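Accompanying notes for the structure given below.
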Amino acid sequence: MADEKWKTGITDAKPNKILMRGYPVDELLGKISFAQAIYLVIKGEFPSPEVGKLIDAIFVSSVDHGAGPPSVLAARTVASTGGELNSAIAAGVLAISRFHGGAIEEGQRLFLEIAKRAEADGGNEEKAIRDVLNEMKVQGKRASGFGHRLHTKDPRTARLFAMAEELKLAGKHVRIARGVEKALAEQQGKILPINVDGAIAALLCDLGIPSEIGNAFFIISRVPGLVAHIHEEKIRMKPMRKIDPENFEYDGPPERKVP
Amino acid sequence: MADEKWKTGITDAKPNKILMRGYPVDELLGKISFAQAIYLVIKGEFPSPEVGKLIDAIFVSSVDHGAGPPSVLAARTVASTGGELNSAIAAGVLAISRFHGGAIEEGQRLFLEIAKRAEADGGNEEKAIRDVLNEMKVQGKRASGFGHRLHTKDPRTARLFAMAEELKLAGKHVRIARGVEKALAEQQGKILPINVDGAIAALLCDLGIPSEIGNAFFIISRVPGLVAHIHEEKIRMKPMRKIDPENFEYDGPPERKVP
Amino acid sequence: MADEKWKTGITDAKPNKILMRGYPVDELLGKISFAQAIYLVIKGEFPSPEVGKLIDAIFVSSVDHGAGPPSVLAARTVASTGGELNSAIAAGVLAISRFHGGAIEEGQRLFLEIAKRAEADGGNEEKAIRDVLNEMKVQGKRASGFGHRLHTKDPRTARLFAMAEELKLAGKHVRIARGVEKALAEQQGKILPINVDGAIAALLCDLGIPSEIGNAFFIISRVPGLVAHIHEEKIRMKPMRKIDPENFEYDGPPERKVP
Amino acid sequence: MADEKWKTGITDAKPNKILMRGYPVDELLGKISFAQAIYLVIKGEFPSPEVGKLIDAIFVSSVDHGAGPPSVLAARTVASTGGELNSAIAAGVLAISRFHGGAIEEGQRLFLEIAKRAEADGGNEEKAIRDVLNEMKVQGKRASGFGHRLHTKDPRTARLFAMAEELKLAGKHVRIARGVEKALAEQQGKILPINVDGAIAALLCDLGIPSEIGNAFFIISRVPGLVAHIHEEKIRMKPMRKIDPENFEYDGPPERKVP
């Protein structure tokens, strides 16, 4: 048994040659974007340029949303004690969990369950949506990926869905997500708009990404934002300060136009 | 004092509007790549398309290099105990430290020190290189970013430098890195080629990224690779297996051409 | 709302006075053991000397069991990359999860469920045990805390239970654990002895520790063992070595008598 | 080479027998305290009962000091996102770093350096203290382990030192620590009392614990406190609340006498 080698299908590293999912890494440089490389290493398939564009947009959408989220506070707290860069990033990642970032995985499971039921029922998505939402109501569960504390209309959601339509990548799960939004409004008598997590969940389902790693897309997207906050904490703040989670103010550049 | 707000210059999150370094995030979607967004959030400046391409290549170069590195083993070990996705990623990030990934930060410090000395000496880079390497020899230190256990000629290095030249982004620090490679060969009587960490270190210096966050570029690049390994561990392996750090075998797709 | 203070009932830290669960910490020094202090801070109640002795034994039992467990491998892997002491400990803690250490929490839940059913049924523990085990069999679940890869008769289990009897601290849940062992032998036709995790689970139930923090007792106990391994890795091994999870050998002091 | 086994001197785990530093773990149960077992696994030597008492007191002294320290805030932040117990502990441990808990390691290095110099100078400790403090003043460094934001006279320090005297375990480094306190008062014209970290640093030096693992004693001591805070956060607070680092209030039991 000691002679039997365990198997991995991700990367073959030989002297002077590294094959990632079969492609020589050096040949990928300049040919594909980082977002495409992420899709490639995770899914094992080479993404089309369209998929690359959508993945890029998904990642851009969640890089940062201010100094208040728990992942930022955990990362800054560790940085403030003099912790290393990797420790502070790790603490931030540990705070991306069920209630922060977790809506992607839960949203994916919701949309996949509805899709499965609709398929079993001759494609009747409306009924599947109604049934699932009613069951959730009885169990006291709320739909992940809908509603937002701050944004009544998350500007990122509309843009992500529009891009997916243009790129011909919006499929069944985007349709289901919109159906859930509509049904929730009827069920609850108020609008709970799809938020950015819900939108990403629907898009990842349409891209064939399993729900088990849905949260990874949030984590991958957010690590660079955490790095920016950790660096700002280290160069701008005193060590061991009390980091108030609400009482902060933006003093960066004013609104400017994308070139 | 309780009334004084602490300041952050990264992101302004208001209802229905998120400004990252001044740019509305929704307007960035579809306009910039993830790599450009990373540069933007970390440096605070909008990257040119050329910078975006080089950053994309830097990130693509380090996504994964097989199942053997400690970050992969730490992440798989946690995944194998039934740990959550974010826990396994965090453990992998904690293993990206001084001897694994750390060559970027140390390489940057080396190139920046040489550049500083050369500048103080009328631009004599050759002398600055010789002086610094001689001092390091006396102190028993070796130059970070040169030489590799596996690759005698890292295929990624040549490609990254060629791209930087084409994109007119190779500057003083790339020149210094090449000078160090030449001087090391003379000093030690054998070739210690610039490895991918050394190449990235030189490029990050030319891009104006401070050495304190150089390792972040490796971490950001590697997290997606860790996700691929964690997912493979969870769906393909039995929990609590003994993960041999050497006795594994690639069984993924054979070499294929980049489309 | 900004004026409303959030509440904590654990420790009151005032100038020159620290009250933990109401007791001045300086007055506790020399009066109670670390194990008693752990019980005090977690449960909020002052432990009797008997409880202190049993808690001490529980913690002593799980400090270390060799270099093979995933928590040790994760901690050594991070230490081997030059990671900080706290990073290596954190990585080790992240590897104490569902399949490694998690048997305590799951064992507690099993014993509590049986106790609850027996109570609802006039105290018939035998029937409750049979019913629960039968249901688990149908669902394909195995009982956590029973059986061991290495030990057919875990020497720590007998000692822990004997101590609990002597100290008059063995109660309903220890009795249930023994009943489960007996019923499992009948159900499966082979002996699956209570292992140390199962024994600790039963004792923690009898001590009134909630199952949600059962694993904490393993983590608290194991952190010192991780520290010993991290220190040994740093002073005895080369950085970045390949850490074989099986191919190691003990070369410490031979068996010796406890003074 | 594949046949060569790597060596570990900590624990020998054989079927039905676990030897920690040579002692059968089951025979240790009931014979030694957790604190003694920690000393045993880390140092490799069986502690006398006196050493056990002092170690117990060191650990009891740092279990918790309220809800404000960064390790508690990091752990509560992760718990508040729905993170697992082990994730929240790991985040707390990552926040125990240079400026929080790190004074133990730095204090040890200070006392060891002074002891080394005094020894080289015929035992003249007063001169060694003066020299080292003067050098530190020139370099703009401050002595770790002296002074406290909250306590002008840390009640734990006096008690720890008194116990060490009673137990005949206070040695050269305790004497040096007191000398540093005196010299600092003269040098700075104000009293910077030895704080609990400084006291622990001196005691660990006298116990022969290397400075590299000094911080481990704080981490080991504090993990149970973190568990208490994580559990309180989970059962008493709403998920995703904003955790103010200052605006909290103790509502636990009022001061009570140690039984």
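We just call them A, B, C and D in the order they show up, numbering each chain from 1.
Assume a residue touches a chain if its C-beta (ideal position, glycine included) is under 8 Å from a C-beta of that chain, and two chains touch if they have at least 3 such contacts.
Here the structure is a predicted model, which is why all the values come from computation and not from measurement.
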- Task: Could you tell me which chains make contact with chain A and chain B both?
- Result: C, D
- More contacting C-beta pairs: C-D or A-C? C-D
- Can you give the whole-Å distance between the Cα centres of chain A and chain C? 35
- Item | chain B and chain C: spacing of chain centres that average the CA atoms, whole Å | 40
- Chain-centre distance (mean CA atoms) for chain C and chain D, in whole Å, is 23
- Please set out, as single numbers or ranges, the residues of chain D touching at least two other chains. 68, 83-84, 86-87, 90-91, 94, 96-97, 243-244
- Message: Can you tell me which positions in chain C touch chain B when the two form their complex?
- Response: 68, 70-71, 73-74, 77-78, 80-84, 87-88, 90-91, 94-100, 102, 239-240, 242-246
- Message: Looking at the complex, which residues from chain B come into contact with chain A?
- Response: 2, 5-35, 37-38, 41-42, 44, 46, 53, 55-57, 59-61, 63-68, 84-87, 89-91, 93-94, 96-97, 150-156, 158-160, 163, 210, 212-213, 215-216, 219-221, 223-225, 227-232, 234-237, 241, 243-244, 247-259
- Message: Residue numbers of chain C touching chain A in their complex, please.
- Response: 83-84, 86-87, 90
